[in-house]
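Take a look at the structures listed below.
The following pair of complexes shares a single chain, chain A, combined with chain B in the former and chain C in the latter.
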Partner chain A sequence: MIGSFLASTWLFWLLLSVGGLLFWRSRSSQYFGFVLNRYLLALLTLLLVSAIVFSLMEVLPGDCAEKYIAYKNTQGETITQADIDAERVRMGLDKPLVHRWASWITDLTLRGDLGFSCAKRQSVNVALGNRFWMSFAFCIGGLVFAYLIAVPFGIFSAFMINKPWTDRNPQHSSAKRLLNTVWLFVQKAIDLKLRIISYLGLALPNFLLALSIILIYVFAGESTPTGLFSDQWRDQPWFNESGFQYGKLDDFIAHIWLPIFVIGWSATALQLQTVRALVVDETNKLYVDAAKARGVSGVALWAGYPVRHSINPLFNSVGFDFQRVYNDLPIVAVVIGLTDSASLLIEALAMTNDQELAAAILFLVALVVISMNFVTDIVLAAIDPRVRRSVLG
Partner chain B sequence: MTTIMNLFGRAKSKNNTDESYYTAGQMALIKARFNRKLSGRIASWILITTLMLGLFASFFSPVDPTIKGADSDYRRGAPQMVYFWDENGFSLRPFTYTYTKEGAKIDLKALAGGGLAALDALTSSGALTSSNQNKYKVDQDKRRYLQFFVESWEYSFLDLTPIGIDFEWRTKLHLFGVEQGQVHLMGTDEDGKDVFSRTLHAIWITISIALVALVVKLFSSLIVGGVSGYFGGRIDAVLMAITEAVRVIPPIPVYLACAVALAQIDLTSVQRYFAIAVVIGLLDFATLGRRLRTHILTERNQDYVLAAQLSGASNWRVIWVHLIPSFTSYIIVDTLINFPYVILAETSLSFLGLGLTEPVNSLGVLLQKAQDPDIQQNMVWQFFPVVIFVVMVMAFVFVGDALRDAADPHSENK
Partner chain C sequence: MKAIIATAALAITGNALAACPTVTGEEAGGAYPHLFEKVEFESKYGCKLNLAQNPSIAKLNMRIAGNADLPSLEKRLPLEPLVVAPFQSIGQYGGVLKGISKATESGTSDLLSVRHVNLVRFSDDLQTVVPNVAKSWQWNSDYTELTFNLREGHKWSDGAPFTAQDVEFWYNSLLLDTNVIKKVKDRFLSDGKPMKVEAVDATTVKFTLSSPKPGLVSNFALDYAQPFQPKHLLSKFHPEFNKDADKLAQSLGFKNGYEAVIFYYGQSDWKDVPTPLLKDNARSQALVKAGFAGTAPTLESHIVVKETLEGRELVANPYFFQVDTAGNQLPYINEISEVYIGDENIQTAKMIAGEISYKSQAVNLPATPVLLENRATGDYELALRPTIGQTAFAFNLTDKDLEKRAVFNDLNFRRAMSVAVNRQQINEIAFFGLGKPTQYTGFDADTASFVTEELKSSWIQFDPKLAAQLLDKAGVVDKNNDGLRDLPSGKKFELNFLYATQGAPTEVVEIIANNWTEVGVKTTIKEVTSDEYRNSQSANDLSVLSWTMGRPLATLATNTETLLPPYSSFFDLRTGMLWAQYRETKGAEGVKPPATVDEMQKLADRFVTLQTGTKESNEVGLEIAKRVVDDLFIMGTVKAVAPVYYSRAMGNFKVPTTWSYDYYRMYPYLPSQWFLNAK
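Entry: the complex of A and B
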C-alpha cells in the first residue's frame, strides 16, 4: 500500500527532500541559502515554462478526442459529432485549460509522467524512451565541438581586434618594421580567415550543409552517413558471444559525426562572437593595465588576466547555448534521418499535431536548460569569490 | 563630422585633444570608429549593394520574375553568358548568343508500333532523362546585343497605396535587356522563370520580413525592459520570471506551432508570413529586454531622471523620452547584429514548408528548392540564391562585428 503510494509519487518526494536538505543546510550556511533560493527559482521557472508550453499547444488544431475517434474511424466505425463530444467529456477535454494544466503538472511532479500521446496512442514516456538522451548527446557533442573551436580562436581574434595591419612605429628600425608588418599581416589574415570560416557555418543554412555533405557522398559513390547505423549493423547487439562489437562502434562514429559537425559548426559563429566580445571587454579593464605596469606581458598577461575572467560568463551561458543548439537540431534531424526527439518534435508539430508529445519535449529541453543554469550558477558562486560576494552580499 | 573622421584617420596621432572629439555625440563616435575597420567597411559596402539590388529589384532585373515572365522557350535553361568578344570578333557592346531548343527525337510512330523494344531504345538513348532536357543549341553567329535603360515589362517603382496615399509610379524602364527575347543571366528554373530576377526580388521580401520582426522585437523588449527596469520591485520580479521562462524554450519549435496555427486561418501566404514575423518579433524580447532593464536600473537614480520627475513628467515620458534614448546606440547595434538570425529563422520555416511557399519569391523559398536532387544534379545554377544568401548573411555578421567593436567606448586607445 505505502510502497505503491511511494512508487506513484516518487518524484515529488525527491524534489521535496532536496529542498528540505537545502533548507536545513541553509540555516547554518549563507551559501546554501543562495542554493535554496536558486532551487526554488528554478522550480518556479519550470512551472511557468510548463504553463507557457501547455497553453501554446492549445493553438495546434485538433485534440485528443478527435484523434482517437479518427483512429476508430479507420477501423470501420461510423462516427458522429456526438461521439466526439462524448469522447471529449470522457477524456476531460471539456474542462478549462487551467484545470487540464493543473492535472498535467500534478502527474508530472508526482511521478514524472509526461502524459499520454494521442497520435501515437502510447504514453509519452514510452514514446520518447531514450530518444531524448540521444538528442541530448548530439547537442552536447555539437557544443563541445563549437567550444573547442570558438574559445581559442575567439581569444585569438580578440587579441587581434585593434591591431593595425602594418607597423608604423618610427622608433623601430626599418628592418624591424618590415618584419613586424609581415608578422602582423599573417596574424590578421589568419584572424580574418578563421572568422570567415566560422561565420560560414552560420550563413550556410544547416539543412543545406547537411544536404551538401550527403550529396558529396552520393557523388563519390560511398554509402551516405544518414541515420545512426548502416543497415549492416542496425540490428546487431552491442555485445555478442565474442565480446564487445567494435565494428558497431566504428559504424556509429562514422554516422554520428555528421549531425554533430553540422550543428557544431553553426553554433561556432555565435560562440566565437561571444568569446571575442567577452575577452575584449575584459581587456579594456584597469586591472589589465595594472598587470602590464607590473611587467606581466605576452601569453602570461592574456591567459592570467582577461581570458581567465572572461571564461566565467561563458560557463554561465552553457544552458542557453544548449537551447540554441537544440533549436537547430530538428531541421538537421529531418535531413539526416535521425530518429531522436528533435525529429519527433517536428513530426508532432508539423505533421501529426501531437500536442502532448510536443509539449513534453519542449518541457524537457527547458528542464535541461534550467538545470544547467542552476548548476552553473551554484558552481560559479562556489568557485568565484567575486560572484559569491555579489550574490551573498 | 569630418574633423572627427580625421581624428581617427590619418591625422589621428597629431591632435587627440581636438575639441570636436570631446563634444561629439555617441553616434558620431561609433561612426568614426566603424570607419576605421577595413573588414567592416568592405562588408558594409557589399551589404548596401545587395540591399539596393533588392530594393530596386524590378529595375535591375531584365525579366518579370512571376509566371507571367516565364520563358516557355527556355525552360531549365543554363545561364546565358554575356561576352565582349569571341572568335567572330570584338564588340564594345556586350552580347549573348541565341539559344534554341532542339526538338526531342522521339519517334512516336516506332513507339506505337514497336512495343517494348522501341521503348527500351528510347529510354536508353537518353532523350527522356532530365539532364537532357537542359540541352540547348547555341547559335554563335546570331548575337543578341545587350541594351541599357530599355523599356520592358511594367512594374510599379513606387507604390504608396498600402500606406494610404493614393500614389503609384508605374514605369517600364529597366537597367538592361536584349534585343530579341529575354536574357537569363543565371539561367531559368523548371517553369522558365528567370533565376536572377527571382533572386533579386526575393532579397527584399526576406529583408522586409526581418525588418518587421525586428521592429516588433524592439517594441516588445522596450516595453518589457523599460517597465521592468523603471518600476522595479514586484513588477520587475514578475516580468523577469516570465522573461526567464520564455528564454529557455527553444524558439523554432514555438514558431512552428504558431505557423501551424496560422495555417488554419484563411490568409494569403504573404499575410501569413508577416503574421509569423510578428510572432518571431514578439517572442524574442528576452535578451534585449534584460539588457535594457539592467541599463535602466542603473540609470533611473541619476539626477536627470529626478529632475524630470520633479518637473512633473509622467512615468511613461521619463521612460521613453529620457531613459531609452540614452541607450539608442546599443539598441541599434543589437538590432543589426540580430538581423542574420531573424533571416535564418525565416529560411528554417520555409524549409519545413511552413513559411512562404512557392509562387512567392523569398530567399527561404528559393533555398528550399536547392534540396531537390534534380536541381542539385542538373540545374546547378539554381544555387545562385544560396550564394547571394550566404554573402548577405556574412556581410551582416561582419558589419555587426565591426559595429559591436565600434560601439564599445573603451576600444579607442588600444
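Entry: the complex of A and C
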C-alpha cells in the first residue's frame, strides 16, 4: 500500500527532500541560502514555462482532434464534422484547459509522468523514450564540436587581431624579417580563413547545408547518409557471437557526423566570434598591462590573464547555447530523417497540435536549460570569488 | 443439367493429373475480371491446382512474434482460396518492396493499400465490385439487408480461424462499445442509427439497415477500415466475453481489459495507428511470453513485424487467402520495408537514386521533370495519371457584406468570373500543359461516365468580352471611371483572395486574380496557412474560396455532402455557411437558401438509394451534374495529372487509372500479385 503510494508520488518526495535539505543547510550558510533561492526559482520558472506552453497551444487554431483529422485528411479520406467530434471525445479535449493543465502538472510533479499523447495514442514517456536523450546527445555533441574548435581558434583569432601582415621591425635582420613575415602571413591567412568559414556558418541556413551535403551524396551515386544507420546495420545487434560489431560502429559514425556537423557549424561560428570578442575585451584591460609590466609574457600571459577571465561568461552561457542549438535541431532532423524529440516536436506543433507531447518536449528543453543555469550559477558562486561577492552581498 | 455435371465430372477425372494452364494477362478471369474461385477455375480448365508455397515462408513466419511453427500449406489456405490471374505472368517469390511514408500516421496510405484487404474490392476498371475476403454477397430486394458469404477455413495470420463472428465482434463489441470507440463514424451508421450486424453461421454475416443504402457494398470496397477484428484474441480481454478479462489484463500490467483491447486495436480502423511494437515494445514482448500475439493478427497480405519511429518492416502473411493460377500462394513479395522521410527533396533524391520500389502519394507534379530525366540512372519508370478532383473556386454566397452577397448570388456574375479565367494559361504554367481544363460538375468526371463533354466544358472558355457583358448585366460597372468596376451602389469593389497552397497552387491563384483584374474586378491575393484558411472559411470571413474539389462516383453514391450547403467539410471548400445554418436550425437562424438547394436535396436523397451504374442512377446523376453546372456555385479550373513512380524491377505492376486516394490507392490493382524481378 505504502509502496505503491510512494511509487506513484516518488518525484514529489524527491523534490521536497532536496528543498528540505537545502533549507536546513541554509540556516547556517549564506551560500546554501543562495542555492535554495535558486532552486525555488528554478521550480517556479518551470511551472511558469509549462503554463505558458499549455496556453500557447490553446491559442493556436484548432485542437488535437481537428489537427489529427486534418493530418489524416491529407491521405485523402472524406471527413465529416461528426468524425472530428468523435475524436475530440476520445482525446478528452472536451474538458477545460485548467483541468487539463492541472492534471498534467500534478502527474508530472508526483511521478515524472509527462502525460498522454492524444495523437500518438500512447504515453508521452514511451513516445519520447530515448528520443529526448538522443536529441540531448546531438546537442551536446554539436556543442562539444563547437567548443573544441571555437575556444582555441577564438583565442588564436583574438591573439592575431593587432598583428601586422609583415614584419617591418628595422632592428631585425632582413632574413629574420622575411621569416617572420612568412610566419605572420600564414597565421593571418588561417585567421582570415577561419573567420570567413565562421561567417558562412552563420549565414547558411542549417537545412540548406544538410540538403546540399545529401545531394552531393546522391550525385556521387552513394547511398544517402540519412537516419542513424544504413539498412544493412539497422537491425544488427551491437554484440553478437563474434563480439562487438565494429561495422555497426563505423556505420553509426558514418551517419552521426552529419547532424553534429550541421548543427555544430553555426554554433561554432557564433562561439568563435564570442570568444574572440571576450578575449579582445579582456586583453585591453589594465591588469593585463600590469602583468606585462611585471615581466609576464607569451603563453603564460595569455593563458593566465585575459583567457582565464573570458572563460567565465562562456561557461555561464552553456545552458543558453544548448537551447540555441536545440532550436536549430528540428529542421535539421526533418531533413536528415532523424526521429529524435526535435522532429516529434515539429510533428506535435505543426501537424497534430498534440498539446501534452509538445508541452513535454518544451518542458524538458526548459528543464535542461534551467538546470544547466542552476548548476553553472552555483558552481561559479562556489569557485569564483567575484561572483560570490556579487550574489551573496 | 445432369448432362453438364456429368461432362464436367468427366472432364475433371479425365484430366485429373493434367497441370492447369498458365492463365495470365489483362483479359484473364472468371465471373469477375482477374479472379476465379478455386472450383470455378478447376472446372473451367478441367485441371487440379497444385498448391505451392514461398520457399522462405517458414523463415518469415519466425519473425512474426507469437506465431507457432507453420502447418502445411493446405491447412493454412481456406478450402476455397481466391485464385488471382496475374496481370502479366506468374511471379517469382522473394524480395523486399521498399517505400517511403512521411511518418507513422502520415503519407502512409500508399503502402497501406499494398497490403490492404476488405470484404470486397473495386476491380481495376474502378466500376465493378469484386469479391475479396468475402466470396459473394446478396442484397434483399429493398437494399436493407446485406449478406456476405465468407470463405470456409480462412485463417488469421496467427493460424486461428477467421469467421463471421470476427465481423460481428468488430461492429458490436468494438465500434458500438463506448469504452473502445466513443462515437461511431457516420458511414458505419444507417440513418444515424447503428446497423444490426449478426453472424448467421461461421461463414455468413448479415448487415441489417434502417433505410436502403445500396452504396454500402462499394463503401466496403473503398474503405480503409477493415470490418473484422480477431475476436479470438481481443475477446479474452473484453469484459463482455470474459468475466476475468480485467484480472487477466492486470496480470499482464494493464489497468483493465479495455486497455489491453485498445493496446492491440488502437481505437481506430486505420492500419497505420501504432501497433504494440511501437507503442510499448517491452510490453508486447511480455505478451508474447505469456502466450499472446505480439501484435494483432491480420488478414492482409503482409503483417508488421517491426515498428519504430523510423519506419516499419512487414513480412508476407503465411496464411494469406489468395493463390495465383498456378497454385502459388500469394503474395510473391517477401517483405515490405517502409521508411519515413519528411522532406520532399530528400524523398525525390531517394527516388532518383532508385532506392524505392513504388510511390505515388506525395509525389507532386513539380518533381516530374527531374524524375523523368533520371529514369535510366535510377532504373525506374514514371507514369502521369489524372488526379481525382481539381482546384476549384467559389464566391461566398452568404458573404457578411450584404451588397457583395447580392452580387455573388447573381448567376451572371459567377458566369462572368468563370469565363474571365484563362484556363489554358493555367494548364501551361501550373501543369506543364498536361492537364485538362474542366468545369466542376460535382462528380469526378473521369469516373462518372454519364457526365457529358458539354457539361465538362460549360463556361470554361476564355472570353473576356463575354465576361464584360455579363458583368455589365450584373450591375458591376465602372462608376467613377478609374478603370475598375464598382459595386452597383458605386462603392469600391475589391476581392481579397486568401488561399492555402495545400488547396490551390500559387500559380493558379495568381493567374485567376490577374484575369479578374483584367476584366475590371480588382483582386488581391494573400497566401495563408491551411489552418488559418480553414478557420476563416468556416467562420464565414472569406469572400473568395478555393480548394481541391470533385469526388468519384462511388463516394458520391453514399455521401452527398458536397452537393448541399456548405458543400464540404471543414477541410475542403465551403460556401453558403449561413444557408447551412438555416437548414440545420430549421429556419431559426441563418439565411434562407434559394429553391435550387431544395431541388438538389431531393436529387441527392434519391441518388443514394440507387444502385450505381443502373440507368436510373445515371439519369439522376446526370441531373445532379447539370444542376451543379447551372447553379455554378463552385467553378472548376484544370484537371491535373500527377506522377506514379515504379521501379523497373516490379513485375505485374499495372499503372493505376487515376492518381488518387479515393479507391484506396493501389488496392484495385492487386498488389498481392506484384513481384520483384531478380537483377
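Methods note: the second predicted complex is superposed on the first by the 329 of 393 C-alpha atoms of A that agree within 3 Å, B and C clash if a C-alpha of one lies under 4 Å from a C-alpha of the other, contacts with A are read in each partner's own complex, and residues count from 1 in each chain.
The rule we apply is simple: a residue touches a chain if its C-beta (ideal position, glycine included) is under 8 Å from a C-beta of that chain, and two chains touch if they have at least 3 such contacts.
Treat the numbers as computed from the prediction; the structure is a model and nothing was measured.
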Is A:Arg131 contacted by the first partner chain B, the second partner chain C, both or neither? second
A:Glu347 in the overlay: touching chain B, chain C, both, or neither? Say first, second, both or neither. second
Given the touch rule stated above, what does A:Leu215 touch, chain B (first), chain C (second), both, or neither? both
When the two structures are overlaid on chain A, which partner does A:Ala277 contact: first (chain B), second (chain C), both, or neither? first
With the two complexes superposed on chain A, say which partner A:Thr80 touches: chain B (first), chain C (second), both, or neither. second
On chain A, which stretch or stretches are contacted by chain B in one complex as well as by chain C in the other? 60-61, 211, 215, 334-335, 346
Residues of chain C defined as touching chain A within the complex: 103-109, 181-186, 224, 262, 266-268, 270, 273-274, 278-280, 306, 308-310, 337, 339-343, 345-346, 349-350, 352-353, 355, 361, 502, 530-532, 534-535, 551, 555, 559, 561, 569-571, 660-662
List the residues on chain A that touch chain C in their complex, please. 60-62, 66-67, 69-86, 89-90, 119-122, 126, 131, 211, 214-215, 218, 221, 223-224, 226-228, 231, 234-235, 334-337, 339, 343-344, 346-347, 351
For chain A, which residues count as touching chain B in their complex? 44-45, 48-49, 52-53, 56-57, 59-61, 161-162, 165, 192, 195-196, 199-200, 202-208, 211, 215, 269, 273, 276-277, 280-281, 283-284, 319-320, 323-324, 326-328, 330-331, 334-335, 345-346, 349-350, 353, 358, 361-362, 365-366, 369-370, 373
So in the complex, the part of chain B that touches chain A is made up of which residues? 38-39, 241-242, 244-254, 256-258, 260-261, 264, 340, 344, 347-348, 351-354, 367, 370-371, 376, 386, 389-390, 393-394, 397-398, 401, 404-405, 408, 410-411, 414
